[in-house]
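Sending over a structure as structure tokens; questions will come in a sec.
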Amino acid sequence: MSVVEIQGVSKEFKGGTVALQDIDLQIEQGEFVSLIGPSGCGKSTLLRVIGDLIEPSRGAVTVNGKSARQARQDHDYGIVFQDAVLYNWRTVAKNVALPLELAGWSRERRQARVEEMLDLVELRGFADHHPWQLSGGMQQRVSIARALSFDPALLLMDEPFGALDEMTRERMNAELLRIWEASKSTVVFVTHSIAEAVFLSTRIVVMSVRPGRISKVIPVDLAQPRGTATREEPRFFELATEVREALHLGGHVEVPA
Amino acid sequence: MTASIGRRSAEWLPALGVLVAMIGLWEGLVKALHVKRFLLPAPDAIWRAFASNQSLLWRAGWWTFQEAFGGFAIGCIAGILLAVVVARFDLLGHALMPYAIAANAVPIVAFAPITNAWFNPLDKSSKMAIAAVLCFFPVFVNVVRGLRSVKPQQLELMRSYAVGELTVFRLVRVPTALPYLFTALRVASVLAMIGAIVGEYYGGSLDSLGANIEQDASLFQFERAWAEIVIACIFGIGFYLAVAAAERFATRWQPRIETSGS
Amino acid sequence: MASVAVERPAERGVGVKRVGSRGVLLLVVLGVLWGVWEGFRAIGIHYGLTRPFTVDATSMPHIHDMFKALFERPNAEGPLLIVTLLEAAAFTAKEAALGFAMGSVGGFAIGALLAHSRMLQRGFLPYVVASQTVPILAIAPMVVIWFTNPNSTFHVTAWVAVAILASYLTFFPVAIATLRGLQATDHRAVELMRSYAANRWTVLWKLRFPTALPYLFSALKISATASIVGAIIGESPTSIAGGLGGAILNFAQFYSFQPQNLWATNIVAAALGIAFFLVVVGAERLVLRHAPENVA
Amino acid sequence: AAPKAKQLDKVTLQLKWVTDTQFGGYYAAQQLGYFKKFGLDVTLRPGGPSITPEQVVASGQAQVGIDWLPSLLAARDTGTGLVNIAQMFSKSGMTELTWKSSGITSVAQMKNKKVGVWCCGNQYELYAALTKYGMDPTKNKGVTIVNQPFDMNLFLQHKVDAAAAMTYNELAQVMETKNPKTGKLYTLKDLNVFPMQNEGTGMLEDGLFTTQDWLNSHRDVAMRLVAASDWGWIYCRDHAVQCAQWVVKAGTALPAGHQVWEQNESNKLIWPNKLGIGVMDPKAFAFTAATSLKYHGIKHAATRKAYDAQIAKAALQYLKNHVKGIDVYGKHFKPIHVTLTAGGK
Amino acid sequence: MSVVEIQGVSKEFKGGTVALQDIDLQIEQGEFVSLIGPSGCGKSTLLRVIGDLIEPSRGAVTVNGKSARQARQDHDYGIVFQDAVLYNWRTVAKNVALPLELAGWSRERRQARVEEMLDLVELRGFADHHPWQLSGGMQQRVSIARALSFDPALLLMDEPFGALDEMTRERMNAELLRIWEASKSTVVFVTHSIAEAVFLSTRIVVMSVRPGRISKVIPVDLAQPRGTATREEPRFFELATEVREALHLGGHVEVPA
């Protein structure tokens, strides 16, 4: 049974913008799938359709064999949005603890987990700050910590590392891979970095604009586990070039309907 | 610590300055233009009336404040409850909104005889009813807006957690609505005082401010009437400041903006 | 500001069907309210309820009597009550409209001025608040005399004096909401303006004002009905007998034996209030139609 | 005489309360053109709960006002130069009501009861009466004074044992109300009525006043105003129903039946008047002034400067000169009989 | 005369976080200076100090020989924030036109310029959309168009291309270089992409955290004008490595005061 199954999904926004057209995609248990494509091609939209945050205009999405809706209600996934979406009235620690609170964790367990997570995203010591006291990258890291905190079996991540410097980003990449391997979870990952996509994924879905469709699916056959060495393999560069060319073919200038 | 006390009191300086300037200007104008005392008594005369009737004035003020506070509590709670219902159930909102507006549009002056007929005009309940009606509407309107002005993205996150309406309400809507609520509570705090006093004008215990103001004005005791108005102001401002302090406490997470203007 | 596009909440339908069903709903609720009133009245009278108030024909007249009273003549040769009341309402509406206009503009100006500088705010905000704690009924006679004295260089006709009193009640919610709204601006948006060295006026007009609009409209809704309250209060000390204030005073005196007349007057006053409110709502829809958030 | 428009003297008359037959005479004078005939262009300005006629007149918004004498004295007491120019009502219309069923058959029996009365200078007549029977109303000793709103609900709902009522208004209101038990109107049989006039503590009520300054420069205008007003009241004495109708037309939204009652009762407070309408009775003045002083309505004893009897007297003379055979004393005044109906229609 | 002169600048926020400490930096006319450093090291803060959007706790900043404040008031610079900061109630076109409006341009001139700018950022056709109808990357492009619209002699850009896909980003890089060369303007550019920094800059300022200071300044001696070929030069890789090493030295875990 596929973890995510997307069949003939289209999404047209009011006003006529067609963000997605006839998307078919199947994601299996344990896969790490990256969505890559030009700005405005519908990556965020697709992710939100999978998460049942918006409804597709046509087509069907199943997650873990149930409807997307049911999956959402069963807490089957964790999500990181393109911007941090933190609650200003909660401190950093409380923002991270939010899903745990909702899942009914005890205070001590929560506290321990939050500390662990803040360590992971290198924000130990900022627990009592408020979101507006953090830099852009720090805010994004808080939201990553929040999504990871409850170990969801399916992770939906929308450019989670977009606001991070290269080094932090590389460390985060490595962390993410480690977590993914250890927990055997499935990840759907939106990025605009070709290198990141190749480094992380087991499969890369290249999208094109006008309107958003899948233009190419590229399996990534780099050995697991990956590390600093991976980035220097010739296969890495070959794959990167393949993705780059697929992107070029997809065109880039988008127009509204 | 001492520095912060110093800063605190410095915050009050401009207000104090304005007060002194206003009183000075008032006194000066009244004296210079020979404004008749039944048009506007001079501050020094008001002060004398104030000083010589202190205990009576405070007692009347306290009486009226109790009415105002009772009405404030009733009106605000009713406003919040209905706002919650309206914000939650759109349909019910559409259905109830016009009647809420209607209730509010009934002028308080017209309300006074009716509350007098319903409740005993001499005890506090009839004035509380008027104050409550006055407080209800601002709270209702603002809380509805506050509950609805949650950022869509923040709702999406909650949706991803598949939590119930109640949780969304508690975790997202309430904190978002708080600043709106407090804006309304500030307005309501002063409206409550006005409501109580207006109610007293239409028949109230002689222990109350409104009845005293009316009596003194019609007996040409304008200095005393103004002293009573001053008492009303003192209670009103005190009430307002208490609400403002509660607001500071409840929304202390908010950034206090560092720079302002150009 | 969201960096991911967000689906806009459902448009408010304007279809005939929607309007129709809304009307039906309104009537249903009206029916329910009517039932509650009459039911409570019947039970109250039957069991002689005295709490929270004594229920009898005076404290709770029949609703149909209130409406019937509208179409009766309080005086044998006089016009129908509704005719008298509509004329009164039109007169009061004139005062209230002017008061509302003056109060909103004044309130906005005060709010904007106070938002301008912390110093001004600290100095004057307490007195803006204080002004509202002054019971308007107490000072209304003096205010009327100040403004209508034919011997002074500045004087206005009586109904304009009423409008001034009405504006006194309207300006406060607007001033507070303006202050709040103008300060609610996202600090990054302010920084952008700062980077353009935009002067205060520009920042006010192009940034703070649009951000404050939702707050402002909340306040205008409150003020719209408050202006009518103010006008009615103001009519008494100005000796204006032709408005709703005069009617209320008359019927209030005789409430004990003609309660339905006062209730009928209140119905008309409420209708006027709703009309004012709806005008503000209409303006709000027009102005805020591009806002992504729900409009209350 | 044909009115010569440009010669008319403009006068604004501030009433104590809303348009009502309590002021029937003035409306009649207006309606019948008496003011015009005497060279006046008069504007009647209705009052209301937040209008103090003394304040309006002192500030020049109106030249002449109508108020109860104690209120005028209170204004004078604080140094405002106002002066009474005609005392229209020579008797007090104030009463205290009790229910027959309460068994309170005299003012003396109000001891330890809840007694309602209006504020603002209207309470002294009752205070004097209660004091006569050994109660101390100012300190709530031996009696509980309740500040009464301006409708009669407290009394109708039996929330007070006794309530103040003017003969011309509130008394009628009670009798225009149905007894919920019987479904019939209340009548005098259900009530005990204690007029303050009968208790000997009646004070002087509606009178005309103006500022001393205006009077000094407009004595003649003031005199003609009083004369025309007298004439109006004289007309109403003989045509109560017609006067009530005019008042109804002038804008009161109240039922005509009630207004006829009110006109008739107002007439009773004026007529008969041995001194002639409007002329101040020095004894009654002295009593009113003394009572006000006693209950702290004023701080200093009032002097006779508070009224200018010459105006009222000159007005009577002027009236007699201009209107042949006019009766300014009403010696043979007979009130009409008015039957009250539900809701005063 | 230097365009930007920073002397001994420190910034401590209320609450005690020291975001900048003893920063000295001089930027000459025509330079393209990139600021790079770990997340939370104070890059955005430094940019905002230069723009006189916040005041330094200590030290002095002059721009074009005048105080930063004066420079701001003289419209000496344009700025792109880390997040787009668009006004929701204005359409895309009106957001771009805002600085022109404030500078008093006529409606026709404004309109022509806005079209030109939207072409530049590949958003032709979205002029009448509202910001919330755009994807994250598109929003960021609107804000770039806005900053460039009035041809400021000094451009302050805070991770302007962070939300863009790699291809759009490369095109934008090239565009920016073209504009910079043609207009002889000066650019201060915050980025977390080492490649981007090397490709664009004449000088790279590497910052370190705890608290934010300048740890190394690396002049970039790649030939001008740069193009696709530049990215393949060996010198490009050398410089990238140099920056990477400087970043590593700077440490990465930040703590609050």
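As written, the chains take the letters A, B, C, D and E, and residue 1 is the first residue of each chain.
The working rule: a residue touches a chain if its C-beta (ideal position, glycine included) is under 8 Å from a C-beta of that chain, and two chains touch if they have at least 3 such contacts.
Treat the numbers as computed from the prediction; the structure is a model and nothing was measured.
Visitor: From chain A, count the fewest steps through touching chains until chain D is reached.
Guide: Minimal hop count between chain A and chain D: 2.
Visitor: Across all chain pairs, which one has the most C-beta contacts?
Guide: B-C
Visitor: Would you kindly tell me how far, in whole Å, the mean C-alpha position of chain E lies from that of chain C?
Guide: Taking the mean C-alpha position of each chain, the two centres sit 50 Å apart.
Visitor: Roughly how far is chain B from chain C, going centre to centre by Cα mean, in whole Å?
Guide: About 16 Å separates the centre of chain B from that of chain C.
Visitor: Please compute the C-alpha centroid of chain B, do the same for chain D, then give the distance between them in whole Å.
Guide: The mean C-alpha positions of chain B and chain D differ by 39 Å.
Visitor: Where in chain D do residues touch at least two different other chains?
Guide: 49-50, 52, 55, 59, 150-151, 153
Visitor: Spell out, as numbers or ranges, the residues of chain A touching 2 or more other chains.
Guide: 13, 44, 81-83, 133
Visitor: Using the touch rule from the top of the page, what residues of chain C touch 2 or more other chains?
Guide: 2-8, 54, 58, 137, 141-142, 145, 191, 194, 197-198, 236, 252, 255-256, 292
Visitor: Where on chain B is chain D touching in the complex?
Guide: Residue list for chain B touching chain D: 36-39, 113, 116-117, 120-122, 201-206, 211, 214-215, 217-222.
Visitor: In the complex, go through chain B and note every residue touching chain A.
Guide: 153-154, 156-157, 159-163, 167, 171-172, 175, 178, 251, 253-255
Visitor: Which of the residues in chain B come into contact with chain C in the complex?
Guide: Against chain C, the touching part of chain B is residues 11-15, 17-19, 22, 39-40, 87, 91, 94-96, 98-99, 101-114, 117-119, 125, 137-138, 141-142, 144-145, 148-153, 156, 179-180, 183, 186-187, 190-191, 193-194, 197-198, 201-202, 209-210, 213-214, 217, 225, 228-229, 232-233, 235-237, 240, 255, 257-262.
Visitor: Using the touch definition from the top, list the residues of chain C that touch chain E in their complex.
Guide: 1-6, 8, 186, 188-189, 191-192, 194-198, 202, 206-207, 210, 213, 290-292
Visitor: What does chain E use to touch chain C in their complex?
Guide: Touch residues, chain E against chain C: 48, 51-53, 72-75, 77-79, 81, 83-89, 98-99, 101-102, 130-136, 139-140, 163.
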